[in-house]
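What follows is chain A paired twice: with chain B in the first complex and chain C in the second.
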Partner chain A sequence: MTAPRLPVRTRAAMFLRLLAVQGAWNYETLMGNGIAFAVEPALRLLPGGRGGDRYRAAIARQNGYFNANPYLAGLAVGALANAELSGDPTDRIERFHTACCGPLGSVGDRLVWAGWLPACSLLALMAFGLGMRPAGVVLLFLGTYNIGTMALRYWGLHAGYREGLRVASALGAPLLRQGPAQVARASALLAGIAIPLAVRGVIGPAHEALEIVFAAAAVGAVILARFNGRVEGWRLAVVALALFILISVVR
Partner chain B sequence: MMTLALGLIPLTLLGAVLGLDVVSFPQAMISRPLAAATLAGALMGRPGHGLIVGAVLELFALETLPFGASRYPEWGSASVVGGALFAVQPSGTPGALTAAVCAALFTAWLGGWSMVWHRRLIARWAAGMRDALTSGSCDAVTGLQLRGMTSDIVRGAIMTWVALMVFVPLQNAVLAQWSFTAIESRAAVVICAGAVAGGAIWKIVHTTKGTTWFLLGGLAGGSLLLLVT
Partner chain C sequence: MPIELYRIDDRLVHGQVVVGWGQPLNITFVVLVDDIIATSDWEQELYRMGAPPEMTVTFETVESATAKLAEYQSRAAHGILLAGDIDTMRRLVERSGTINHVNIGGIHHRAGRTARLRYVFLTPEEEVSLREMGAGGVTITAQDVPATTPVPLDEVLAGTGE
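This part shows the complex of A and B:
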């Protein structure tokens, strides 16, 4: 049995619900409830409709433990909707539910959290450093980030529903295989340009202090890089700035 | 105090909405410092001031990417606090940026803890609804989702309001005693932010082959732009 073509209204409802897939994120089921919430509009098409036995059984299956990157969760949502509507065996659906957490988490995290987000952030910081107006910087950041992530969410839902439980092949798409490395290279290039420009943008007219600031920041960056994640720089910065404030007040 | 509490309502509402965006809905990254602090500054009539704080906090935020179940600072309401604190001070006030950024970082730290508590609260609600959820009740699934998002809005609002109630008078008291010059004060903040951002970028990109050359190329381009702009 093949899954029926989803009505546009159902697809739209699933897509909108995907935006809230982490709305009930918790340490017991992680985003499991969100997955059931996002699949639910498709499950109304099951024989017996909303409240029917198959509908209730499917909802119960989907709201268990689940984790993935939120921007790639659409792949799982689409695939699970297809599997339920196709009448795939329950044990296969449950195995898929468990098995796809890892790949969807690691691929999505590398592509979005460690790739696309820093790249968009650095692009906007570069625009700030070059003197772009506040509205322009914000729109540039939000525009680039959301064009990418909305497209990813839409593609994920579409590809997941098309492939069903064979969706693992979609994870081999060139975007997901080579995308993180390409975005990392772009981020490195942007970082080299954006960070010095942003530092100058914040310093403002006090350009005589720039050389000292760059030198001190570079030394600090090298030290933090050598710790390679064992120390969180922002926590050290809180302590350093609090001490700086204290000295300024009491001296 | 009453006037301050009421005056903070618009910022509190902004912090609530941006706190929701961090994880629950819609993760459009309006809650990232560049956007959130600028919006807070705009609400105070000075978007440019908000953007400066936003840029500094964004440099810090490059280090703290929101991977799944890891603990990370909550930048949405924190950036509203930072942007608003800097925007209310007259231009050129020595120490204003330092105090605003430090307050925002503290708020982000506490905000990260508030997210942990919030997630535990949702887990308790989910445990209380276990029978309904395992029997496939759509109302239970939707109800838990809505409760999670509503409580996240409340969490963001409380974080923003409490932080502003504490930091507005504290900032005024600190700035009245401030002794470093404006240049020294800004330099301290920017050195910290630049160092954290540099270390963070290396951590993100160094595992990919060839990125060192891209970073060096970018630095060369950045240096050239510093000279010509």
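This part shows the complex of A and C:
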């Protein structure tokens, strides 16, 4: 049995619910409740409808422990909805529910936390260096970051429902396999442009603060080298961005 | 160093392993030990997709991992050995006799388990198993990512999940 084509309303409801996938996050089931919440609109299409035996059994299955990158959770939500509506064997759905957590977390973390977030931070830093006002810098960061992650959510839900339990092929898409490396290269380029521009932006036309800025940069470099691998890149990027905005506001 | 980390984590290949540990330890191969996944093609394909292209993932049963462990340990490249549950790691530890340090990276909630750390939930049987492994000379610590402090087994078992 193949899964039916989802009505637009159902897809839209699933997508909107994906925005709240971590809304009921807890240390027992992590984002399990959120996954069930996002799959639920599709489960209403099961024989017996909302409240029927299959609906209730499926909700109970999807409500268990689940952990993945929130921006790629749509891939799991789509695949699980397809599996439930296709009548795939229950044990296979349960094993998939467990097995897809790790890969979705791994791919999503590399693409978003270690790739897209630092890249967007550096883009905002570059804009600051080019003279954009602080509010503009913040809006640029939020805008670019969220355009990317919303697109990832939409693609994940669509690809997951299309592929069902064969979703590993979607995880092999060039965007996900090569994306992190490409984003890292782009980030390196942005860093090379953004950091000197930001330093110039902080120093301003008078160069009294030049020594302080270079001393701070040297200390930062030592800290980075000392804690290499033990601090998360996205945290550093966000702290650096916040510091530059703070300095620009204070000045 | 051959295998840098012997980790128990029910999520197996995931972000904390690939990014959190993989980058600072320069990991290029993962040995995933699980008797069921080692015979399941679709699950293997899924887990392979979780690793970056430059990182290889090899699937072993406890028996085959025991047989090949010396080879993995003698490699020049750095690797991580992953088991999804305590029983799998314990059998491997007992059969190989060459594993001295086990990392608990994540054992999550299910019926019958009690919270010990935020990322470690254990049944009474699992606690006994960990104690016995520790009594056998294996150093067991809980640490989800390198940026956190390792928690010794005694502290883990005395924890309340906070």
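Things to note:
The definition used in the following text is that the second predicted complex is superposed on the first by the 209 of 251 C-alpha atoms of A that agree within 3 Å, B and C clash if a C-alpha of one lies under 4 Å from a C-alpha of the other, contacts with A are read in each partner's own complex, and residues count from 1 in each chain.
Going forward, contacts are C-beta pairs under 8 Å (C-beta built on N, C-alpha and C of every residue); 3 or more make two chains touch, one makes a residue touch a chain.
Not measured: the values here are computed from a predicted model.
In the superposition on chain A, contact is made by A:V107 with chain C only, not with chain B.
For chain A, the partner with contacts to more residues, out of chain B and chain C, is B.
Looking at the shared chain after the overlay, A:A135 reaches chain B, while chain C stays out of its contact range.
In the superposed model, A:A168 lies in contact with chain C only, and not with chain B. Of the two partner chains placed by the overlay, only chain C lies in contact with A:R177; chain B stays clear of it. Contacts of A:G87 after superposition on the shared chain: neither chain B nor chain C is touched. Once the two complexes are overlaid on the shared chain, A:E28 sits against chain B and chain C alike. By the document's definition of touching, both partners, chain B and chain C, reach A:N67.
Where the contact sets of chain A with chain B and with chain C meet, they give residues 27-30, 67, 69, 105, 109, 113-114, 180-181, 228-229, 232.
Chain contact summary for the complex, chain A toward chain C: residues 27-30, 64-65, 67-69, 95-96, 98-110, 113-114, 165-168, 171-172, 176-178, 180-181, 228-232. Residues of chain C that touch chain A in their complex: 10-19, 23-25, 37, 40, 42-43, 45-53, 108-110, 115, 118-119, 121, 146-147, 161. By the touch rule above, chain A contacts chain B in their complex via residues 19-20, 22-30, 33-34, 36-37, 40, 50-51, 55-60, 63, 67, 69-71, 105, 109, 113-114, 117-118, 120-122, 124-125, 128-131, 134-135, 137-138, 141-142, 145-146, 149, 180-181, 184-204, 206, 208-209, 212-214, 216-225, 227-229, 232-235, 237-238, 240-242, 244-245, 248-249, 251.
If you check the complex, the residues on chain B that touch chain A are 23-30, 32, 34-35, 38-39, 41-42, 47-48, 50-52, 55-56, 58-69, 73, 95, 97-99, 101-102, 105-106, 109, 119-120, 122-123, 126-127, 133-138, 141-142, 144-149, 152, 174, 177-180, 182-183, 185-212, 214-223, 225-226, 229.
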